[in-house]
Amino acid sequence: MARIGVFICHCGENIAGTVDVFKVAEAAGKFPGVVHSVEYKYMCSDPGQTMIKDAIKEKKLTGVVVAACSPRMHEPTFRRACAEAGLNPFLCEMANIREHCSWVHEKGEATTQKAIELIRIMVEKVKRNKPLYSIKVPVTKTALVLGGGIAGIQAALDIANAGHQVILVERSPSIGGHMLQLSETFPTLDCSQCILTPRMVEVAQHPKITLYTYSELESLDGFIGNFKARIRRKARGVDEKLCTGCGVCIQKCPQKKIPSEFDAGMGKRTAIYVPCPQSVPNQPVIDREHCTYYIKGKCKICEKFCERKAIRLDQQDEIIEVNVGAVVAATGFDILHSKDFPEYGYGKYPDVIDGLQFERLASASGPTLGAIKRPSDGKEPETVVFIACAGSRDDAKGIPYCSKICCMYTAKHAMLYKHKVHNGKAYVFYMDIRAGGKNYEEFVRRAIEEDGAVYLRGRVSRIYEEDGKLIVKGVDTLLGAQPVEIKADMVVLATAIVANQDAESLAQKLRVSYDPYHFLSEAHPKLRPVETNTAGIFLAGACQAPKDIPEAVAQASGAAAKVAGLFSSSELSREPVIAVVNRLPPPVFSTCTGCFLCEKACPYQAIEREEIKDRKGNVIKVVAKVNPGLCQGCGTCVALCRVKAIDLQGFTNEQVYCELMAL
Amino acid sequence: MKLGYFPGCSLLGSARELEESLMLVAKKAGMELTTIPDWNCCGSTAAHNLNHLLSVSLPARILALADKAGMKEVLVPCSACYNRLAMAQYELLENPDLKKEVSEIIEMDFEGTAKLLNVVEGMEKIFGEDSVLKVEKPFEHKVACYYGCLLVRPAKVLKFDRPEDPQSMDRLMKKIGADPIDWPDKVECCGAGLSVSRTDLVAKLSGKILESAVKRGAEAIIVACPMCHSNLDMRRENIEKAAGKKYSIPVLYLTEAIGLALGLSEKELGLHRHLVPVVFPIREKKAEPEKAESAEESAGAVEE
Amino acid sequence: MSEFEPKIVAFVCNWCTYAGADLTGTSRIKYASNVRMIRLPCTGRIDFMLLLKAFEQGADGIIVSGCHPNDCHYTAGNFHARRRWMMFRSLLDFLGIDTRRIHFAWVSAAEGAKWAEFVNSVTDQVRKLGPNEQYQKLSQAGVE
Amino acid sequence: MEELRKKARELLTSGAVKVIIGYGPGSGKRVRAVFVRKPEQADLLICDDRCLQNLAVYLTKPEVKALGKAAVVARLPTLRAILQLAAENQLTDGQVVALGISPEGKMTELSQFKAIEEFLAGFSFELSAEEKATLEKLDQMTPEQRWQFWQEQFAKCVRCYGCRASCPLCYCEKCLAECNQPQWIPAASHQIGNLDWHIIRAMHLANRCVNCGDCSRACPVGIPLHLLNQKLAEEVFKQFGARSGMKAAQEYALCNWKLEDRENFIK
């Protein structure tokens, strides 16, 4: 027989002001199954909670209903109190007689009556509650970080320094990402290699970080704490243990004309190459598309000159399986490319380049060793036009969002150009200057006032070549929308930041949602920016949205903190409000008919198929089974299941049915 | 190949040579054009300046007639009509209430989902892979393909070629042996409807277009819209007065250039109707085209 | 007629509408006290049979409310629910059950005022409709 | 008919199937389902316009499954039922051979779901004109009239669950109607219980019913139950463009969703 205790709170005057709490306590005492019904001024206070604990012990209560504020406020408080008194916390329910009753209705009989009915509903529900125990899920204390840019590096270092194993997977031959390509970084103009390469070396030497470069995630299965990742180690053509990075093979390689991806096409590289001198690991990779050995079958010069005999021309891709407990996606971004700007002649005129290409020109380790030279004839341009918002904030290009960092790096480019070409003229076409970070606005003001960059507020409609000059047709809206034509020697487009080409397939591998522009979606834009809706998968850096280095690093450390929090206990305990498929004794085994509508409907893919076999091993029936690690307890499957074989703990059909019966 | 056909008023009036050349080329290509029975004016710029409902109802009636005649695809050679029909179709499909209101006005129920083809798309259909046409007299001239505005804008609705740097007419010209130049004024405004009210403006704008084409060595301007033709050809006197300079560069319709290449005579194609005589400077055959060809080829290839 | 007070049952989702109702409380916005709220984790969890049971228990009006599209804490609960109600409503209408007694809404955790105004309007409409004779006759018939 | 019997004998002798589910002579002039397991019994098989029952109902029964691979004489609704059962993982490909009977009576052997899909593609799954007319007639009525009409019908219901037994898609081992904790459907055949039962049966068949009409044929008191399913089938098609029983990998409209679903009643 149920022994229910009802505890009515005055909440000072908040409830007692409009609800006759004494009458309610008396009425609640008469409900069938209620053995203890009291009211108290502040139920959530320490004396209030002690009252509940004592009552549980003395009256050996099997269920508690606290009639007070919203369960969203104090349910955890009262459930913890019950647990301390030895009653399973899930046998405690709250009736909301404050926000949903006393605060919103006039003082009077109807309000008191409503409070009584709300309590009766909860009493009937509590009678059908079952004790539930939080779900224990083991946690593998190894993190997988995808992407070796500044965000990936920062996340890997933070997790490793927190004492956990990290596997860092980077697609290109070296870590460093786009930041490694930059010359200097705003707003302090410190050289990006100087602040990044020490971190890269720290990653390579960190005892707890296993670094797989020139590798990609092949597939990810499992759930939070128990992921199984398969990583494809693309064939490097070089044995990592033997190679010392002496670089002889790179000098001797006859193939010298391949456009270097790292230099964004501004420079050339050999078939066996290292992206840049500061690459980590400093071991070359053989580019099988351009290496003559793989095309014509003969050459092997690099093999001949390698004293360490480290060249492995017949090396094949290798798949490694690792168990990880959490994944941090830090796969970075890409920029919009030439095919999207016919009106600017980008891709048609060699002197129309994008931001990354200008970075390579300005970089001391770049193809021009830092001198600003036109790609067409190598001459120093006297007039350079920088165009901000090339593609961003432009519906016609399908990119309505602002890429956030172009105003800053365009001002930096104008400044670098003026520092290196003193009498050069720099024009910047912009719509609005977005310089909201720390010292950002001052940086842009400096570019305008001290370095003399001419800022024209307007958009460029067309660029065409005439008599060897690039005619930039724009408008200056601050001078009464007067058309402006500038004869430029070089044009730099601050093209939009877009998601990586394969961001969508990565999101599908990780089973995280992504937005229409293929940026990965965070769990909650304001309150959970580094988590995703898939438990155990975290986000860092520009793969989530365009952002600058400080934000990427902050987000990386945030994600690392989340991972460290996840790994802090050997077991993961989760709220037991999850769905369960019933199991019955043979011959039925379960009322589930195996139609698996629930499997298609589950947003968390938490439903698995279980084969029920007889002793001889042949399958009797295939039924659904809920993975406790993944299920978030939304209950959609419960409403969809025709035969009600699946039920949601905490909101079972029985409980909700009895709530209705108490109306 | 059977297509619906909507001539529009200008093809029976000031742009007769466009229809004549189109009909000849279509017949040669075995393309059957059946005019939409009882077609009415598309409303052009006048309607959409005055009354929105009128500017949607007129084209809607045309679409309804095309539906009734069971036409799946309709060729609309005049860019202005093509633009108005496409805009009306877009608005009607987007806004079911408007569609209900319009169908009451024109007392006809309709789906209005026929596919609209402008003259360039029409010519592309003729020159498709299985095209039976042979270029008899290659149109070996440097040409400036001028698309104007109504063919390409608004891009969200028309979705035709690349709005900023279209290439479809250039590809057709290469097919008939011409050498299309790379010039920036392909989609600049020629002054359009201001032809009567502000002829001075048209003279300035169209003058800039002619100047840019001539400077790049174009021997003819190829257009696909009666409005562009009239501003660049009929207003030539005003342009020359405003620019203080003679321009003898002829302006041809796309269909006329193709007609010439297919060996049709100038008379049949109605070239005599132009105000600027269609005459090309005689120059030695060999030297010129190869050099220009290669530069053009590489640039074109990169964009493709 | 004036003393007839309709009984309204509201099925609400815990993350949005229940929190919205909490906000109505904290902002002290008064509304009709006829409504009794049943808290469920998500509108996806609200089974159409619950509505049938509510009518059988003498409810004169039913409210079903949850998160706006794309707001759902579980990403898709409200989308499943929307399709379910589109079907269920056409079936009830086909059977002649008075669908004006069932009201659906999206109320977010920030729309306290909208929740109060919505409950008031539903209460007024159902008060005009009067008691739920259809179901009351049915339950008496069952008792004979 | 002769062609069917020859095919049955051939299938049984070759051992391709263990049992042929078809129509055989019943009491009086009626036909009933027969389970032919020996080639010589093949002459029992009949195939004329009296044979309407949807034989797919037997495919999910454990006793029939125990007999081994089956061939079933299948008119269009039965073929659709097979595909719908396949979509709900009740039948696996190659577990059943369908002897498809086209409306003109021509028989074709369809041993793969793909073959059934192609066969069905030739026929549109539209309601017939008069079926639409009856629905239309009900829609024209006022809600009160419809309520009156259905109350009279449901008052006749004695809850024999014949409709459930005859429906190929009611294959649950333990039906919801038998669940008494909580008792969603009152067991007694009073009007509340009957209303709940028929509403829940209709909702459970939304976007699943293949319109074979067996439920109404099976109903001893002649309630036009098929109208409920047809109405929901039309509604599913109108709102979500989905038809049941067309593909073996059929998507169930109520368990996937689209952002663009439009309704006019959620405020």
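For reference, chains read A, B, C and D in written order, and residue numbers begin at 1 within each chain.
The working rule: a residue touches a chain if its C-beta (ideal position, glycine included) is under 8 Å from a C-beta of that chain, and two chains touch if they have at least 3 such contacts.
Bear in mind that the values here come from a model prediction, so they are computed numbers and not experimental data.
With contact taken as defined at the outset, chain C and chain D are each touched by A. Among the pairs A-C and A-D, the greater number of C-beta contacts is found at A-C.
Note: centroid distance chain A to chain C, computed from Cα atoms, is 37 Å. Computed centre separation for the pair chain A/chain D is 47 angstrom, with centres defined by C-alpha atoms. Taking each chain's centre as the average of its CA atoms, chain B and chain C sit 59 Å apart. Shared interface positions of chain D, i.e. residues touching 2 or more other chains, are given as 184, 254-255. Chain contacts: chain B has no residue touching two or more partner chains. With touch defined as above, residues shared between interfaces to two or more other chains in chain C number as follows: 48, 53, 76, 80, 84. Taken pair by pair, the chains that touch are A-B, A-C, A-D, C-D. Remark: chain A residues 70-73, 96, 98-101, 103-106, 110-111, 114, 117-118, 121, 513, 533, 577, 601, 603-604, 632-636, 638-640, 648, 650-651, 653, 656-657, 659-661, 663 touch chain C in the complex. Chain C makes touch with chain D in their complex at residues 48-49, 52-53, 56, 69-70, 76, 79-80, 82-98, 103-106, 118, 134-135, 138-139, 141-142. Looking at the complex, you find that chain A touches chain D at residues 588, 591, 593-598, 600-601, 622, 640, 642-644, 653-654, 657-658.
The touching residues of chain A, when paired with chain B in their complex, are 338-339, 341-343, 347-348, 395-396, 462, 464, 471, 473. On chain D, the positions that touch chain A within their shared complex are 88-90, 171-176, 179, 181-182, 184, 204, 251-252, 254-256.
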